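One chain, chain A, appears in both complexes that follow, with chain B as partner in the first and chain C in the second.
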Partner chain A sequence: MTGKCNADEARAELRGWVLSTAPGLAEDKLTDTTPLLEARLITSLHVPELLLLIERLRGRPIDLSALSAGDLKDLATICARFLE
Partner chain B sequence: MESMSRLVDVLCESSRRNFHNIYDLVAWPERVEPTRDWFMSPELCSLAGTEVWDLLSPEAQKRLAFHEAVNFFSLNIHGESALMQGLAQRLYGLRTRAVSPYLHHFLDEENKHCVLFGTFCERYAGKVYPDRKVVSSATIGDAGQADFLFFAKVLIFEELVDRFNLAMSKDRRLHPIAVAINHNHHVEEARHLAFGRRMCAELWAAGRPAWGPEACAAMRAYLQQFFAVSWKEYYNPDVYRDAGLAAELAGRWDACDPWALQHYGWQHPASRARRISMSERCMSFLALLGAGPQPENAEHERVP
Partner chain C sequence: MTQISDSAAWQSIGLGWQPSGQAVLSGALLELADRLDRCFVAMAGAWGAREFRFPAFVSAAELHRLDYFRSFPHLVTFPVCLDPDEPNLERFTGEPVTGGAVALTAIEPVREVLTPAACYHIYIHEQGRVFERAQHYTTRNTCFRRERYYAPLRRQWGFTMREIVCVGTLDEVKQFLATCRGQVEALLAATGVPVAWTAATDPFFQPARSAQYLAQRVNPTKTEAVFGDDLAIASVNLHQDHFGHTFDLSRDGAPSFSGCVAFGIERWLHAIVATHGFNPARWPSLARAAAPADQVASP
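Right, the complex of A and B next:
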C-alpha cells in the first residue's frame, strides 16, 4: 500500500482494479484503449476510488480542479496523464 | 404526492417560524487553536479506535480532529451543493409540484448551512477540501426512477451527516463554534429528514409496480454503492497530509503516507464497527421500504 510504483506496476494495478470493479469483464476484453466510463465498466460512483488509487500509485495528489472525465477515458489515457 | 400536503404544510410552518438570519447566528472568533481545542468529537474521527490514533500525542489528535472537521464540513458543502441543484431542477416539476412550497424552504435552509460550513473552512483552514466525485452521475432509468434515486441519495447523505451533527451538538468538549454549527444543522435536518423519508416512500410506492424487479434490483445496487462512496469520503488522505501524520508517526508506524493511512483507516475493524452503528437507522429505513439491502443479508453485504 505504500510508496510510488513504477509505470508498469501502476498499469498492472490499475488494470486489476478495473477487472475487479467490472467482474463480468473477461481479461482479454480489457485493452489499454477500452473506454471505461463510456462502456460503463466503471460508473461515476467508482471515480472517487479510482482517483485515490491513481494518487497512491503516483505518490502525490491530483489537481482535481483541472480534471475532466476525458482524463479517465481509458487505461492508456490515465497512464499517460498521471503515471508517466 | 397530494397525500403529502399535510406534511408539507406542517414543515413549511415550522420553517417559517424558525426563519433566521444566518449571518447573525454564530459569533466567529478571529482565530482558533486546532491543537488546543477539539473541533470534531475524538470518537468520530476516521482513525479513532485504531493503533495509529493511540500513537498520536493529544495535540496531534486535536490537530487531526480539526482537519477532520474541515473535511466533514467540506463533504456537507459538496453534498448540499448537489442537493440544491437537484431541488432547483424539481421546483414545480410534474411529480413534485405539490411539495414545491417546501422545496423553497429546503433550498433556503441548505444554502444557509453552506454559508456556515464554508465560512468555517475558509476562515480557519483557508480552503474547502475538493470533491472527488468529479464525474456527474449518468441518468438511471426513467424520470420517476431518477426522482426516487435523487431523494434516496439525499436521504442517505443527510442521515449520515445527521448522526455526526447530533453527537457533536451535545459534545461539550468541542469548541463552541463546532457545537453551534452542528446544532444548527441537526435542528434543520430533522425537518429535511422527515420530508425525505416521506418523499422516498411515496415515490417508491408510486413507481415500483411499473418498474419491475430488475430495475428495482439495479436501483438497490446503485444506492448500496452510493452508501459506500459516501462513507469512503470520510477517510480523506488530504486530511492526514494536512494533519502532518507522516512526520508525527515517523519511526513508529511503517505505512504512514496519506493513502496508506486512508486504506488502513477504512479497513480497520473499529472504523467498520462505527460505520455499522451509524448506518443502521438509514439502512433499516431503506430495507423496510424494499429499496435497500434486506436485514437477512449478512452485515458485511449491507454496510460498506
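Right, the complex of A and C next:
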C-alpha cells in the first residue's frame, strides 16, 4: 500500500501489525485502549518499524523531534495523534 | 548562587581539577562525598541490597551484547596496551610522546572498556541466574564518559557513580523505583538541594536512528532529579527486561525485569555547595540520612 489510506484501513493494518509482533496475544485481548509498550506487546526494538508503518499509512513523515510521551500508548492514541 | 568559577574558594574546600576532565577531592569536599555515599548505602541497606565492588574495566564483548558501541560510541573510553612484541616496544620507546600525546605503535586487541555505568557489572556478573524473588544490589564505581567539554564536578570524563539495582518482576521493579524516588526525595530534603523531576532520555548516538531512544521518547523510562537548569544529580531508570533478556536473568521462566537508581556523587557535591556556599559548617550533616534505615517491606 502506498499513500494515505482511510482511517478504518489504517486501524486494521495497525492492529494486524501489533498482533504479528505479539504472536501469543489473542485477538480479543487487543482493544483500542490496550497499552502497547507498557504491556510489552511491542518493545523498544519495534518502535522504528511502527513509526515507519504509521508514516506509510498517513502518507507523510512523522516529525521525530515532536514525539512525546504517550504518543504510541495504544491504537486509539496512535489513530487520534497521527492518522485522523 | 555560588559560581564554579570561584576557583580559590573551591580549592579551599578541597577541589582540584585536571584539564583532562577529572577532579581531585580532598578535605571537606572529600568528607562530604563520603557522607553522601554513606547515605546512598543506607538507602540500599533498607532494601537488603548486596554490595559489590567491581573492577574498573568491563568486558567489551559483554557490552556489545547490549549494542552499547552502536548506541554510545561517542562516550566510550578504552584501555589500550602496546603489542608486547619486543621490536614494537623498541619502536615505541624511540619517541614515546610527541606534542604532548603518546605516540602509540602497534597495540594489542582491545577487549575491555573503562566502566561507563556502574550497574552494567551487576547484570554481567549475575548472568544465567534463575531468581525466586526480587534481588537488590548496590555498587559504586568510577565511570568514564568522553564528552565534548568538561566542567568541574558537573561534567567529568571520570566520575563516581553509586547505583542501587532491583532485579525482579515488573511490578516489583516498579514498586522499587517508586519507593526509591521517595527515599531520594527525603534525602534531597535533608540536603536542602532543590530539584525538578523530569522525564529524560539517554544520550544515544544519532538518536533519530536509535530504537531505544525513540522508545524512551514515547514511553519514558528514565526520570532525572535536575538541579538548576540542567544538572541531573540522580536518575530513576526502568530497564524493562532489556538486561534480563540479554544476560539470561530469569524469574518464573521469563526474563527478569530490572531498574536502578543512580547518583552522580560529584554532581551532588556541586549542588550542595552551590546551595549552601563554601563554608562547610553550613553544609548538611546528613547524619540521620546516613544511619542504617529500617528495611523496606518487600511485596
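Rule of thumb we're sticking to: the second predicted complex is superposed on the first by the 83 of 84 C-alpha atoms of A that agree within 3 Å, B and C clash if a C-alpha of one lies under 4 Å from a C-alpha of the other, contacts with A are read in each partner's own complex, and residues count from 1 in each chain.
Just so we're on the same page, a residue touches a chain if its C-beta (ideal position, glycine included) is under 8 Å from a C-beta of that chain, and two chains touch if they have at least 3 such contacts.
Computed from a predicted structure; not experimentally measured.
When both complexes are superposed on chain A, chain B and chain C clash. By the touch criterion defined above, A:70 reaches chain C but does not reach chain B. With both structures placed on the common chain, the touch criterion links A:55 to chain B but leaves chain C unconnected. Note on chain A: of its two partners chain C and chain B, the one contacting more of its residues is B.
When the two structures are aligned on the shared chain, A:44 is found in touch with chain B and with chain C. The superposed model places chain C right into chain B at 135-143; the other stretches listed in 27-35, 135-143 or 225-233 stay free of clashes.
Taken together, the two complexes place residues 37, 40, 43-45, 47-48, 51, 64, 67-69, 72 of chain A in contact with chain B and also with chain C. Across the complex, chain B meets chain A through its residues 130-138, 222, 225-226, 229, 232-233, 237-238, 241, 254-255, 257, 259-260, 262-264. For chain A in complex with chain B, the residues that touch the partner chain are 1-3, 37, 40, 43-45, 47-49, 51-52, 55-56, 59, 61, 64-65, 67-69, 72. Residues of chain C touching chain A in their complex: 199, 208-209, 211-212, 214-220, 240-242.
Within the complex formed with chain C, the chain A residues making contact are 37-38, 40, 43-48, 51, 64, 67-73.
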